[in-house]
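A, B and C label the chains in the order they appear, each numbered from 1.
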Amino acid sequence: MDQEVLELPQTARPGPAKEPGRTALARARSRRQWELGFETALEWLIRLCGISAILFVFGIFAFVLREGASFLFSSKFSLTQFLFSIEWYPTSMSNVRYGVLALIVGTGSVTILAMVIAVPFGLGAAIFLSEFCGGRLKETLKIVIELLAAIPSVVWGFIGISVMNPVIQTVFRVPVGLNVMNGATLLALMSVPIMVSIGEDALKAVPDSYREAALAMGATRWQTITRVLLPAAKNGLLAAVLLGVGRAVGETMAVLMATGHAVKIPHSVFDPVRTLTATIAAELGEASVGSSHYQVLFIIGILLFSITFVVNLSADLIVKGVRKG
Amino acid sequence: MFTETPFGKYKRRSELLARCVLGGMVAAMIIPLFLIVGYLVKEAWPLLSLNFLFTNPTGGMRHGGIWSALLGTLYLVTLSLLIAAPIGVMAAVYLNEYARDSWLTRVINLAVVNLAGVPSIVHALFGLGAFVLFAGMGRSILAASLTLAIMTMPVIIASTKEALSAVPLSFREACWNVGASRWQTIRGIVLPNSISGILTGVILQVSRTAGETAPIMFTGAVFFKKIEAGNPLAYSIWDQCMALSMHLFTITTQVTDAPHALPFATAVVLLATVLVVNTISIALRMYLRSRKRW
Amino acid sequence: MDTPFCDDVQIRVKDLRIAFGNKEVLHGITFDVPKHEIFAIIGPAQSGKSSLLRCLNRTLEFVADARATGLVEIDGEDVRKVRSVYELRRKVGMVAPLPVGLPLSIYDNVAFAPRSAGLHDRQELDTLVQHCLEQAALWDEVKDRLDSLGTKLSGGQQQRLTIARALSHQPSILCLDEFSIAIDPVTTMRIEDVLKELRKEMTIILVTNLVQQARRLAQRTMFLWNGEIVEQGPSEKIFSEHPTSQKTYDYVHGIFG
């Protein structure tokens, strides 16, 4: 079928004397059948692996949905009560209520505060690396930031408990150090690396001609950055922030350990909260398989999956928009 | 000949100010980090020793070492990467070398990107629903490793694709022009020249797998399990296991009145493992960049 | 100009149309290429000359939104209906505009194609590699360093290496797509001498922007402009004072293009 013995081209009259190579190639063994079959099988295996990626995304959604489905679609479950009630009493004997609003606010408050801290530092670092830094220093800083990103979230949680907790208690003179502030600081430190890396890429992508034009007009470095580069890179920078948000929303262990255990809407940054992720982690072990509590935790999982899906999709589309535009 | 104008002076000062402010922001992130790590090592110091690594925890985990957790993490990392790396690399080869630009390819690429952003607790739920319950594996090293594999696969696909695209298209065209098949081109030119980038990406996932807690909490990791100290084959894939990340969580939150240095020592071991593996990957990347063949 | 060795038609193209997305670049062209001739295709940039060549060895299929309709026959066989597309690509050698040295040793560069076809005997490969490098006028320069990387050669050497690679699978047709744009004049002259020698064994299709190069080398020439054939025929006519079309005269004499 495919690779066959090479045949001599037909000529109307005998050509010049055959060179040595010609007969050798003509005599070459055709590639054995098993080699051809192996190659076809391999190509099919490779194709299958490619398709598997979609299967896994749908698989995740499907299996998580499956566990929570029967309760989700039953009459006892009310979507409005679920999303908009702050009353979370899954283990109550008499009056079971599944309102996750407090948890959503918990996730939201920690994420927003984290972004308030992380975005200036992250973008500032990205600008510093891209515009004010060269050679060795830049390489070193990039490596340090990469290592910062590698720190596991349980270690961050431990830092939250053993280091941040006493620090917050002393510095801000509050009785409890496991709160929104603690969690937000940790999340900020965890999301900064990804913001710096993507932000720096976005700034690097702005052509040098922009910088040269601004300098030729007499602008200072800072004016060049604020008035020319940041607007030009705004899509990439926005995507960087979105990815940081996605990371923060999905974080589990650090917030589980560092934000306390109060399912309440916080009134200050020094109040303890519970996030959606921490709730699942904390309560899944106790809920018996198949019970409604168990199923509600899976429904929270679906909620989380949807939120991060939307955030990542937006970031991805914005980046694609940059490439086209 | 050129004297500095007042505006020139202003420009210089403004740039210096910007540089200091921004540099200060970078320092404000990095210096506390070094301080924290230093503090952790200092507090962990009394307990850090080789003995700590190779003895089992005793006395309700208040004494002894972390051997069972260390071994468990080793099993989980090895098994999950043995599953994720071949499938991930082949999927990336398909996406970069075979797939035509069609709606299907775009959906797959989108799926890969979104899979990478799924929160780790959702991976835990998936592992619980799919492997522990549906596939009937129960809580086991196997189920936990499969969950971790699904978690790392998208990142391996993305980094492999990047390594493959670094090989210029002109090489592939030159191969096609002489009658080589796609696979012959991949095997002869593309893979040998991207294997280093692929390896770097896979090594990075080693440290990520070692550090994750949520995906294994409900799929195979336990608070405590007694195994034979010093035996590298102590676990079977149907067992539940202890894991370094889980152990740190347990000791910090569940074990009261543990000696002060114990959680610090566990944290330092985990942190050191992660940082060493990542440094190896970074060093490999830098070495390979200096050895470019075109 | 020599007379052709024989009159058989090797390549027959009928009503070939090529489009990229919605834009058609070749509007239905028809021509024949006889055996053992150097056939030149001249014309300004973007007239579809490269795409035409890529149709001959079916590498146009690798371009994302390219579509080709019409008939292309090589040795009487429709290229779309051949038994093996790899065999077809080995029958048609292709030299691209930019020199490409594969990141393998020089020896492996030339041995790549025969190995893909199933030839693994070391001695036969040695002979074949030496022969192809000699034919490409590169042997003397590299015979002592066959193990060094092909990517480290100069541009002119890499282009000759590409020719050696193209010859290594014994094509009966050799296509050169503006081979001289990225190399120096001395190497260009050497390669032109090589082509004159190779003509004895194979048909050569030369796409070039350099009108003088076509005049030096080709027995027949075709002038493509805006996706259509303006004129084709014996080179003496095309480059003479009285070609069939005024446009041809203008282009050849540099009045436009």
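FYI, a residue touches a chain if its C-beta (ideal position, glycine included) is under 8 Å from a C-beta of that chain, and two chains touch if they have at least 3 such contacts.
Given the structure is predicted, the values throughout are model-derived calculations rather than measurements.
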By number of contacting C-beta pairs, the most connected chains are A-B
Greatest Cα-centroid separation from chain B: which chain? C
Using mean CA coordinates as chain centres, what's the chain A-chain B distance in Å? 13
When the C-alpha atoms of chain A and chain C are each averaged to a single point, how far apart are the two points in Å? 49
Residues of chain C touching 2+ other chains? 86-87, 90, 116-117, 168-169
Where chain A touches two or more other chains, by residue: 2-3
Residues touching two or more other chains, restricted to chain B: which are they? 181
Going by the contact rule set out above, which residues of chain C touch chain B in the complex? 57, 59, 62, 64, 86-90, 93-94, 96, 98, 100-104, 112-113, 116-117, 149, 151, 162, 165-166, 168-169
Okay, in this complex, where on chain B does chain C touch? 100-101, 170-171, 173-181, 184, 188-189, 193, 293-294
Which positions of chain B touch chain A when the two form their complex? 7, 10-11, 14-15, 17-19, 21-23, 25-26, 28-30, 33, 36, 39-40, 43, 87-88, 90-91, 93-95, 98-99, 107-108, 110-126, 128-130, 133-134, 150, 153-154, 157, 181-183, 204, 207-208, 210-214, 217-218, 245, 248-249, 252-253, 263-264, 267, 270-271, 274-275, 278-279, 282
What does chain A use to touch chain B in their complex? 2-3, 39, 42-43, 45-47, 49-54, 56-60, 63-64, 66-67, 120-121, 124-125, 127-129, 132, 141, 143-144, 146-148, 150-155, 157-159, 161-163, 189, 192, 218, 220-222, 225, 243, 246, 249-253, 257, 277, 280-281, 284-285, 289, 297-298, 301, 304-305, 308-309, 311-313, 316
